[in-house]
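Same chain, two partners: chain A is paired with chain B first, then with chain C.
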Partner chain A sequence: MKKPLRNQEIVWRIEKRRQSEALDALEAGRDVDELGTVTLIQAGVMHQLNLVGGMVWERCDGHRTVEDIVDDLAGEFDVERGVLKNDVEIFINDLLQKGWLTDG
Partner chain B sequence: MDERQEILSAPLTFNWTLSYRCNFTCDHCYSRDEVCNELSTADNYRIIDVLAEQQIPFINFGGGEPLLRDDLFDIAGYATQCGLNVSMNSNGWLLDSKVAQRLRDCGFKSVGISIDSPEPTVHDQFRNMPGSFTRATHALDSLADSGLKSTMSSVVSRINYRCFQDLLDLARDHHVTQIYLHNFKCSGRGFKNRENLDLTPEEWQTFYREALATKERISDLIISFDDPVIASLPGYQHQSMVKGSSCGKLSLHLRPNGDITPCGFIPVVVGNILKDDFETIWFESPVLKAMRSKVASGKCASCSVFEDCQGGCTARAFATTGDFNQPDPHCWK
Partner chain C sequence: MNDSDLLDAPVRLTWDIPDNGRGLTGPELLTVARRIADAQVFYVTLEGTPLAHAAFKDFSGILKASHCKIFVACRGTSKELIRLPQVTDLIDQLLLDLSGYIDSDELDHKSLDKMIGDLRALDVDPTLSLVPLKQNLKYIPEIISYCASRLIPCFRLPNADIGDSFRKYSKVDLPTWEDLLGFRDYWVGQNQLKQQPKLEIHDRFIWEIMTPDIEQSRAAYIGCQAANSLGHIDIFGRIHPCAAWPTVLGSLLQDELFDIWDSPQRLRVRDQIAATPNECSGCDDWSCCFGGCRGLSISLHPDGQGRDLMCKGSR
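Then we have the complex of A and B:
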């Protein structure tokens, strides 16, 4: 089973204050899709991931399978597991294609 | 959106002047007249602890000439150990193959060498240092031999804007993969010599059009420039997450005594990294807040690209008018 691993060349950081703001906003029922909570710098270019993307990224440590990541996030978000799994897989496949993740 | 949500939790880069001392006296230098106490090695380690705690990923030593600090290797080594990505800019005079190896061994990720003209005599004259072109190109070769990534930095001015393609060739000849074309800042000696060195707004426009087209066309060399005043030009893509100047939003500058300024070219101290709480400075400084929410003034007020350009380079506007909100003097609109 796939154990996605972050590309070691990418420098990244959790935006702590924004992450807690996003969690508060989510709690209050607001849409947080557009709020970047993880910053990535790849070849001098900056990118941001939103709350869910950032939480997946944090967990792509080469030790957890996609299933493990979904299990982990299912506890954090109030979403049907099948929907969450589908979203996580699409996200991970996209990053694998970009070379930001490898199959650890 | 809440203003705070738009700013990052901390800057991504600290441009760090360990010392204003230099073995050169270049015509465009912003820092020749600066005098400032320098901190001990131990205090610089304490700064690194703060930067690591704030999860600031990049530091870039500039100056002054960083290699004049004997403890540069120790400071860089400690920063690397703490997880920071370390780079620096040097005039290359003191950088031979032994030094290149030491820089690599203590963890530097890349080292930039300043070269302002492809013509050795022009470079030497501009830098007021005979032989400096040869030493600078040797420095690039030593870096390449050591396996450490080298970059080349050129401040665009009247002496080189017509021949910048030759600067690209020079970079290629010395195995450089990235060249920074720095926009001319009217600070320090650059301010005093700006009549002779600065381009007219129209010349800036012509230069940037060609530079953008070249950047688009070539793939063997990364051309980097970070000048918000080009936001109105075709081909300008937003690679930066912020609009306008990045200082105070993505980066800050450290003076040799630990004082923080928004950038090396804006001499306004917003706090001291060893004495003040960093998060209070970053989120609450009135100066940083003013830089992040500029008010369109003068011709910017009716300009269609203000949203992207934000009045251009804040340092240049401030140096020439004393007001962050005035239009960048390089603007051709």
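Then we have the complex of A and C:
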């Protein structure tokens, strides 16, 4: 896996109000796993990504490596780097398998 | 807020644009277009006679610049066809309204062939579109055969837009569950069509009849999307939960789309959708249809307790 790139056929946007609510909830120590912050439409079906998934998705621009993405997010979340890297890799591999990302 | 309320702004909008002289002025249309673009709406279907409007290129250009996909209704009038060559690059899909091609109890193949030929000469491959009404359900198999024989890629069946401010259908036009039972029998009898265009079917119950094998995509159905991923803008720039829901949520001449989607009026609609209408209470199929088209239901039963006109009851 080199530099993951979003499938250009997928239309997407950040739900800014939702993202702000999720960040506030996270700050307050609440679980935000179920809060969608990025909406995307693939093959006519709407999907949502949660806060962490959405932040990874935003960064899959074909220019950043997985290491770059993990470095970026490590500054945003209070979590051990190895755990974060593992989670990011699992998420990216899942999206590569679904065809939502390509290995840029 | 409830679990089905997911979005800061709609993903798909329908927008009614009449001919010049009615509804919004040119500058007002541009204001509405900018607010749609700012909200990053993915898909906008321009309904009515948008191509006949002198400002078509301007408002569509604003939408296109925001990477919005633009679907454009067309009735095939000369006024529309004159403008079309100048704007084909702005249109992602042209929706040819078939209602004008059903005459004297038959589909007018000759006129339709000519229109499709004219459009193709302009390098536009139309999608055919028909609002399913009581009196035209019987033409659907013939239209699908027609699409296959003319290599029309897509046939679209949108819901009746009874919340619309200038084109309304009466209750006598709308199919009931009895009509749908008849249609189902007719469809099963006719449905030997090997080749089919892609079908875009808005209504949950018609969708079930016409695509009985597509369980997987049906599993992704999470219920009525009015005032969440869907919205409708009328000819005055007022936004509604969907094309079939008469409630006005706000005006895009006055407010940003984001602000309207964050308003109590919008959230009240989502709460209304989350509640089970009395007529659906206890139904085993609630988790399949979530009450079907809630906009049409509310238009016909303003107390919000009725079920979809096309639903017979628990199946």
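Note that the second predicted complex is superposed on the first by the 103 of 104 C-alpha atoms of A that agree within 3 Å, B and C clash if a C-alpha of one lies under 4 Å from a C-alpha of the other, contacts with A are read in each partner's own complex, and residues count from 1 in each chain.
We adopt the following convention: a residue touches a chain if its C-beta (ideal position, glycine included) is under 8 Å from a C-beta of that chain, and two chains touch if they have at least 3 such contacts.
Quick caveat, the model's predicted, so the values are computed rather than measured.
Using the contact criterion defined above for the overlaid structures, shared-chain residue A:15 touches chain B and also reaches chain C. Greater residue coverage of chain A by touch, when chain B is weighed against chain C, goes to B.
In the superposition on chain A, A:45 makes contact with both chain B and chain C.
When both complexes are aligned on chain A by C-alpha atoms, chain A residues 11, 13, 15-18, 36, 39, 41, 45-46, 48 touch chain B in the first and chain C in the second.
Contact residues of chain A toward chain C in the complex are 11, 13, 15-18, 36, 39, 41, 45-46, 48. By the touch criterion given at the top, residues 2, 4-5, 8-9, 12, 55, 57-58, 85, 222, 224, 239-241, 250 of chain B touch chain A in their complex. Within the complex, the chain C residues that touch chain A are 6-8, 11, 40, 42, 67, 69, 217, 220, 229, 258, 262.
Interface residues of chain A, counted against chain B in their complex, comprise 11, 13-18, 21, 35-36, 39, 41, 44-46, 48.
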